[in-house]
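By letter and in written order, the chains are A, B and C; residue numbering begins at 1 in each of them.
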Amino acid sequence: MQPLLNDLAMMSQAVLFNIYFAAASIPIGFVLAVFLALGKASPNPLINWLSRVYIYAFRGSPLFIQFFMFYSLALSLNLAVWKPLGISGFVLHPLFMGPLVLILNTAAYTGEIFYGALRAVPRGEVEAAKAYGMSRSQQFRHVIWPNLIRLAWPAYTNEVVFLFHATAIVYFALPVIGAQADLMVTAKTLFERDYNAFLHFSVAALYFLAVSLVVFFLFGLVYQRLMRHMPAPPRMRFKPKWIR
Amino acid sequence: MNDDIAFWLSYLTNGKHLAWYASFQFTIFAALMGGGLAVVFGLTGATLKNSRFLPLRLIGTIYSSIVRGVPDVLFFLFFPLAFEQAVEWVVASQICTPESIAAQTSAWPPCKEANWFLGTTEYLLLASVSLGLVYGAFATNVIHGALRSVPTGQLEAARAFGMSPGQVLWRIQIRQMWVYALPGLSNVWMLVVKATSLLSLLQIADIVLWADRLGAPNFLPAVGLVHEDWRWRYYLVLFVFYILVTWLSERAFEAITRRVGKGILSEARV
Amino acid sequence: MKKIMLAAIAALALGGSAMAQETVRIATEGAYAPWNFLDESGKPAGYEIDLAGAICEKAGLTCEFIVNDWDSIIPNLLAGNYDAIMAGMSITEERLQTINFSDEYFPPDPSRYVALAGENINFEPLAGARIGVQGGTIQAAYAQANLATDNTVVSFSTADQAVADLSAGNLDTIFADGAYVDPIVSASNGAIEYTGPEIMIGEGMAIGLRKDETELTTKLNDAIVALKADGTVDSLIAKWFDGRGPYYSE
């Protein structure tokens, strides 16, 4: 019992790093994703092509490689760009690089979700909005966006949980500052001390599971609010999907 | 100019680079084996979930939700370690004598004879199995859904022919569900492919490890070509490689879906 | 049926370890020139690989090198994935708690700070600096214990990555084995130079072994003693470390 409690205590600090990585990347990734989805649906060939390529590239390659690539790329620009700007230590800090790559990655996945939802927005409603003489921005704000976010919310919840899981590899790919350690690094260090794989990895898994459940719960509340106009608001359950 | 080309050609074909190219085999093997096993575990999980016997149904459900509730990398690291220790424990219970247990000074395994050496081959197999287990949980859901998509008329007809429930499952339901499972399985395959980038975490000298070693800055002529930090170029190659694999897989799955879906998908979509 | 399966697994594992007894598997990092690195042909090479060849020949053993990341090199030794470590590993009290060491094959050597040329770092006291180390090394332990409160200690998984970050100006200094940075300083044409004090940590480098491998330890030690006496160790050190030594023979 004591070792279990020890692990729980040790990892309660570590989980904050994972939560930080996820929390820092979700809002910006969300905004970027909206632009990517609109870009992918845009009639402008250049914007359309760029958004498509971006989404395809980041969804089609492993996050692990993206971490390595962007860190070493940022490093090679250090003397020419970051140093003169005086932001060297900041840009290459894992607490900045980690969320940055996660943002680039999740924006692509979320962008694809939003694009799918955008295409599912009922045409009739958009046409009605046009017939009312709404401007394009009015159409987006009053008709397309509310539909889009409701359609996309369950899949987006899922993506947020995946993003949280993806924070597990940040410190496997980036240099570690001081004694900072996230859940995976802590579990691995503890394991290497006494070989109790079952204990340490299970506790880390427990933390991941617990935070995932909290995410599902909070996002479920938002979903209920989004769907409050429906006669029987659909409930979201803990059900990680197979798609990412 | 010609000298340049000759130089780069010989640099890119030196033994270190050849070893890098050769290491793609690990990635490809792990992807194929992991993908295949994911389908096997997915079928098992889905059959369990469909079972009429409650405990089996629970096992299927718990398997698919727990594994998907934790990061793939965690399970990927945990499973080989746990499996190794489990095997050593079983072996130890069979062969360890009290003397050999007493002679053992380190914490694990219980006696020296029970130790199991893990080399690249063993790790690669274990890595493939853990990929299979993780993404089998995703495939469970895909196949579970696909099994339900098989038109009930087909199953009723089979029962009317006097087939046993097992026969209905194996001969009709599973044969016909592939068409409905393909889009989902294609997604699972993409996830498996991307997860193969984690092989180096299990001490397999895979493409990622070689990219790091080849790209690392070198100052010593004895070690090889003296160059500054070239890592991002090597990672860019891997980045493009994975995108290409994704693209090829998509085309392949499209072709398969078109072929096996002839006459079925068009009806189902009416 | 269950019994048969268990027996089969046992036989498999036994067969595995019985076969493994014939060759001694030595783990190395393959990223710590001149001790060990992967040469142009992609195979391990360097001082330790040459030395292992000589030791194994002397001791009548067949040896084989396995490349393993530095950060998990001791755990995987203890887990039994190989029998020995030759990876520029210094003898320390902390490591002696989990593993054994053979006789040293590389003498205690001061650890050094290096920095980009022209960076004037104040070492009295060292404060506010970004110090790069390789994680899990004696230098990392020293920096964590003595420098971490006033400085930022950045750990990398290989020493080469730390050098890359130093060259790119992301670190003020690297703290590493003197004999590791020596060739880098001299090959950098003045771009990277020594700075700060020399600090003596570690008690020389040796082969890391599991504590229960007494027989293998004795065999290797006998060979090391013989090779030190006949000058082989010194000549290999001189060959790989730019004429250093002699340390062990007259």
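Here, contacts are C-beta pairs under 8 Å (C-beta built on N, C-alpha and C of every residue); 3 or more make two chains touch, one makes a residue touch a chain.
These numbers come from a predicted model, not from an experiment.
Taking the mean of each chain's C-alpha atoms as its centre, the chain lying closest to the overall protein C-alpha centroid is B. Set against the C-alpha centre of subunit C, every other chain centre is closer than that of A.
Per-chain CA centroids place subunit A at a distance of 39 Å from subunit C.
Centroids of subunit B and subunit C (each the mean of its C-alpha atoms) stand 33 Å apart. Averaging Cα coordinates per chain places subunit A and subunit B 23 Å apart. Chain contacts: subunit C has residues 72, 78-79, 161, 164, 168 touching two or more partner chains. Along subunit B, residues 107-108, 212, 229, 231 each make contact with two or more other chains.
Counting partner chains per residue, subunit A has residues 72, 75-76, 191, 195 touching two or more of them. Within the complex formed with subunit B, the subunit A residues making contact are 56-57, 59-66, 68-69, 72-73, 75-76, 165-166, 168-169, 172, 184, 187-188, 191, 194-195, 197-198, 201, 204-205, 208-209, 212, 238-244.
Subunit A contributes residues 72, 75-76, 78-79, 83, 88-89, 92, 175-179, 191-192, 195 to its touches with subunit C in the complex.
Residues of subunit B touching subunit C in their complex: 14-20, 84, 87-88, 90-91, 94-95, 103-109, 112-119, 200, 203, 205, 212-213, 216-226, 228-229, 231.
Within the complex formed with subunit A, the residues of subunit B that make contact are 65-66, 68-75, 77-78, 81-82, 85, 107-108, 138-139, 141-142, 184, 187-188, 190-191, 194-198, 201, 208, 211-212, 215, 229, 231-232, 235-236, 238-239, 242-243, 246-247.
Residues of subunit C touching subunit B in their complex: 6-7, 9-10, 13-14, 16-17, 20, 25, 30-31, 33-34, 37-43, 66-69, 72, 76, 78-82, 158, 160-161, 163-164, 167-168, 183-184, 187-188, 210-212.
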